[in-house]
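Shared between the two complexes below is chain A, which has chain B as its partner in the first and chain C in the second.
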Partner chain A sequence: MGALEIINFYLVPGLVVGSIYALGAVGITLVFAILRYAHLAHGDLATLGAFLGLGLVTALGISPYLALPAVMVLTAVVAVGIDRVFYDYLRERPKIVTVMASLGIALMVRAIVQVVWGVDSQTYTRGIVRPENWFGIRVRDRELITILAMIALVVALQLFLQRSKWGKAMRAMSDNPDLALLSGVDNGKVVTITWVIVGGLCAAAGLFLGLNFELKAMMGWSMLLPMFAAAILGGVGRVEGAVIGGLIVGVAEEMSTLFLPTEYKAATAFAILLLMLLVRPTGLLRGKVL
Partner chain B sequence: MKPLLQMTDLHGGYGDANILHGVNLEVAPAEIVVIVGPNGAGKSTAMKAIFGLLKIRGGSVIVGGVDITGWEPNRIVEAGVCYVPQVDNVFREMTVHENLEMGAFLRSGDLSAAYDRVYGLFPDLKERRKALAGNLSGGQRQMVAMGRALMLEPKILLLDEPTAGLSPKYMEQIFQISRDVRDTGVAILLVEQHAKQALAFADRGYVLASGCNRHEGTGADLLADRDVADMFLGG
Partner chain C sequence: MEWIGFANYAVYMAIFICIYALLSLGLNIQWGFTGLFNAGIAGFFAVGAYTSAVLTSPAADGRLGGFDLPFWVGWIGAMVAAALIAWPIGKICLRFRSDYLAIATIGVAEIIRLVIKSEDWLTNSARGITDIPRPLGDLPYTMSQLAYLAIVMAILLVVYLMVERQIASPWGRMMRAIRDNEDAARAMGKDVPYRRLEAFIFGSALMGLGGALFAHFNRSITPEAIDPMVATFLVWIMLILGGSGNNRGAILGVAVVWVIWSVSEIVTDQFPHEYAVKAKYLRIFLIGLMLQLVLRFRPEGLLPEASGERKPVGKTGN
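Take a look at the complex of A and B:
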């Protein structure tokens, strides 16, 4: 097999799915850095975002790309609402209680999606899209947009975290919560901003997953393991690490089908997760939380 | 002079048991006051009590005429009291300059005068302003911690064992900087293990033992007191 085939059939799809994992993993890493628990409803929040997008696309007849900003806002509102009603209530309890509660939220969100949109697979647009040919490398528009949108969102997030007052407050809260409080940072506001960002990123991950594949109620849940693998691979608490981790897991999953039956694709993320926890549990870029 | 900070008959502790059994402290404006005493005397606890970091079961803390007993830490910061914990007192993953920015989190408007003041007190930090605080030496980290607290231009600065684990050279430097800070009109209350050196440099001192006041007076008087020397200072 030539280099072009490997690029076209394995590397490009791997980078696309990796970008989607990256969007999810960044959110997981943010929740871990600031709220200090594993958020198991992350995948199903992405599913909700994807289906909210479907709702807008069918109701208004707009393209999924135009729906993206609105879907990010809607999902952010839902995420903040979930935090206010459920997680906030458990803040003073051991973190494992919140982790279990997030599993319940995952089931609840998925059930709502199934009730509203049904259990069948759906798509944003019908018909087959032919890939564009760039010097022998074939990429579909939607694939290019997925990768570019991931980069744009992560760059925007990094600028927010590095430059803005509240972005710095988030980093301070992640770095040393007690000292952040002693500096007068309002913990509740940081938590709200975190959920706005995490909800938006979840929605983007879900929408791009639906765009490149299909929409179904289990789509987000089945993405949870690779997203966590990516966050741990990159170093929990590291935004750049989550992106690198997402891309590695995505490409590794696609590449694994060169040697293994495709049914084992999902096991690749699990293997990477296990290997990483054994060899370098702090992640590629030394995680700051664990 | 009317005291800036007044702690009266304070009782409190972390769990059910009290550690402080009626502590009285006073700090006048622009005064350096040191709390010394044997291990477990409740020195750091008395300081944390001011900041509402433990359960207060009796007594009061008054700052500038306002009763701040039991307030949330962020409101106490706004009242002009800044606290530098003994450990974990910097944001390790943030630069020196960002640490100072976080210190000024509650302030808005032009902060250049505040930065100039802090960098003037700590010229070492100005050179290393882009370095991550976690990569600095212990002494420099202590300076970042003090600088962060000073960004809010507090009326009183609380320092919990600022020289713990530092070399004598840095200890002298921290004391010297504390004097410089005092000369800009900020009162300082500090807890110290190095009792002799601290009493020699402070205006006044309190000796605590078992959560109660044992002695108080000017630093020189306490150093001359046979009782204090025998009990806490190891002769």
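Take a look at the complex of A and C:
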């Protein structure tokens, strides 16, 4: 098998799916680091974003790319709403209680998707898209856009975290919430901003997953394990780590089909997760260990 | 003849309640007494079900076994197999906060589901394993159901008494100390990860046993027999509603939730087909909402954990 085939059949699809995992993993790593719990409804929130996108695409007849900003805003509102209604009052209780609540939210969100949009697979656009040929490397436009959009969103997020006042407040709360509170950081506002960002990223992950594959009620849930594997691989709390982790998990999953039956793609993420917890729980970029 | 059907249904429900009660007691050891978040209950359940099925079913072509062993060998085998799966997961994850265990158990349940669905030689994949013997299954229908109910009730009673005894022992006190203040327990010289591993394995073995009892009750097991997320979540809501940290609460929660769950299924099955499918998901939504409400308004559950306060030693005259 030549290098081109490896690139075309394994590396490119791996990077595409890895970019989608990266978008989700960044959100997971932010929740883990700032709010300090594993958010198990993350995948299903992405599913909701994807289907909200489908709603806009079918109702207004616009392209999914145009729907992306609106879907990110809508899902951000839903995420903030979920936090206000369900997670907020658990803040004083042990964090694991919120993990449990988020498992319930995962089922509830998925149930809503199943009631509203049914259980059959759907797509944004019909027809087969032929990949473009770039010096022998075959990439579809939507795949290129997925990767570029992921990079753009992450760069914007990094700028926000490094430069803006609220970004700094988020990082302060991630380092030490009590100290941040004492220094005048409004924890409640930071929580809200975190959920806005996380909800938006979730929606983007879901929309690009739906764009490159298909929309299913279980699409987000099956993404949960790779997203967590990516967040832990990169180091909890490290945004750039989550991106690297997502890309590695995506490529590793595609490569695994060289040695393993395709059914076991999901096992790759699990193996990476356990391996990291075993040998280097801080992740590649020295994140937190809760 | 109406009442015979009703009685049969009641026996059927009671058997399911006993099986779920075993899962709930297993989860209570993990969550209620030790604070471990196991989100892969269905995985351990399935491992138990399939292990016992392979061990006890008659020999079949194209898959491992069956070995035609007596049912009790299958049940012990189910517990051992579930414990063997739990061991490496717990070994790796219990050094960290319970969040990591939650993710890893979701993963292990997913892998188990994939293996069951795709490994022909082991589980006969989609067709599943049939002809699993049921103890006293040769009796007429009603007698056989009643006999099986007696068996699962006896097992549940033994398990309940053993867990109660274990929890009342110094070991149980130590586990609650670890749950409530890990640092203090560690300072007292307790090996926290090791003790958590004990509880995780013990609870998982009970879940395996529950799976085995389920497989023998149905006389067959297929990958579609249980919806992993719904089954796991039902056990969680049963325990939280009943009262985590209280074994009687754990069993009461099972009875309450299972009756609500089954009755709502009967109701929604009356709907026309197109609504019935949606109603199924509405039920899942409501069970999720129920968890949120219990967590918010009655986090201690119907039967709260005994506070553990004791009379001062001097005043009781001991």
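As a working rule, the second predicted complex is superposed on the first by the 287 of 290 C-alpha atoms of A that agree within 3 Å, B and C clash if a C-alpha of one lies under 4 Å from a C-alpha of the other, contacts with A are read in each partner's own complex, and residues count from 1 in each chain.
Following the convention adopted for this analysis, a residue touches a chain if its C-beta (ideal position, glycine included) is under 8 Å from a C-beta of that chain, and two chains touch if they have at least 3 such contacts.
Worth saying up front: this structure is predicted, and the values here are computed from it rather than measured.
On the shared subunit chain A, the superposed partners chain B and chain C are arranged side by side without overlap. Put chain B and chain C next to each other and count what each touches on chain A; the higher total goes to C. Using the contact criterion defined above for the overlaid structures, shared-chain residue A:181 touches chain B, although it does not reach chain C.
After overlaying the two complexes on the shared chain, residue contacts for A:172 are found with chain B alone; chain C is out of touch. By the document's definition of touching, neither partner reaches A:120: not chain B, not chain C. The superposition of the two structures on chain A yields an angle of 90 degrees at the Cα centre of chain A, opening toward chain B and chain C, reported in steps of 10.
Judged by the touch definition given at the top, the superposed model places A:92 against neither chain B nor chain C. Once the two complexes are overlaid on the shared chain, A:261 sits against chain C while remaining clear of chain B.
No C-alpha atom of chain B lies closer than 15 Å to one of chain C in the superposed arrangement. Touching of chain A by both chain B and chain C, each in its own complex, is seen for no residue at all. Of all residues in chain A, those touching chain C in their complex are 32, 37-38, 40, 86, 89-90, 93-97, 99-101, 103-105, 107-108, 110-112, 114-115, 119, 221-222, 224-225, 228, 232, 261, 263-264, 266-267, 269-270, 273-274, 277-278, 281, 289-290.
Partner chain A is touched in their complex by these residues of chain C: 35, 37, 39, 89, 92-93, 95-100, 102-104, 106-108, 110-111, 114, 117-118, 229-230, 233, 236, 240, 277-278, 281-282, 284-285, 287-289, 291-292, 295-296, 299.
Residues of chain A that touch chain B in their complex: 165, 168-169, 171-172, 174-176, 178-186, 288. Note for the complex: chain B touches chain A at residues 51, 73-74, 77-78, 82-83, 85, 88-94, 98, 101-103, 105-106, 148, 152.
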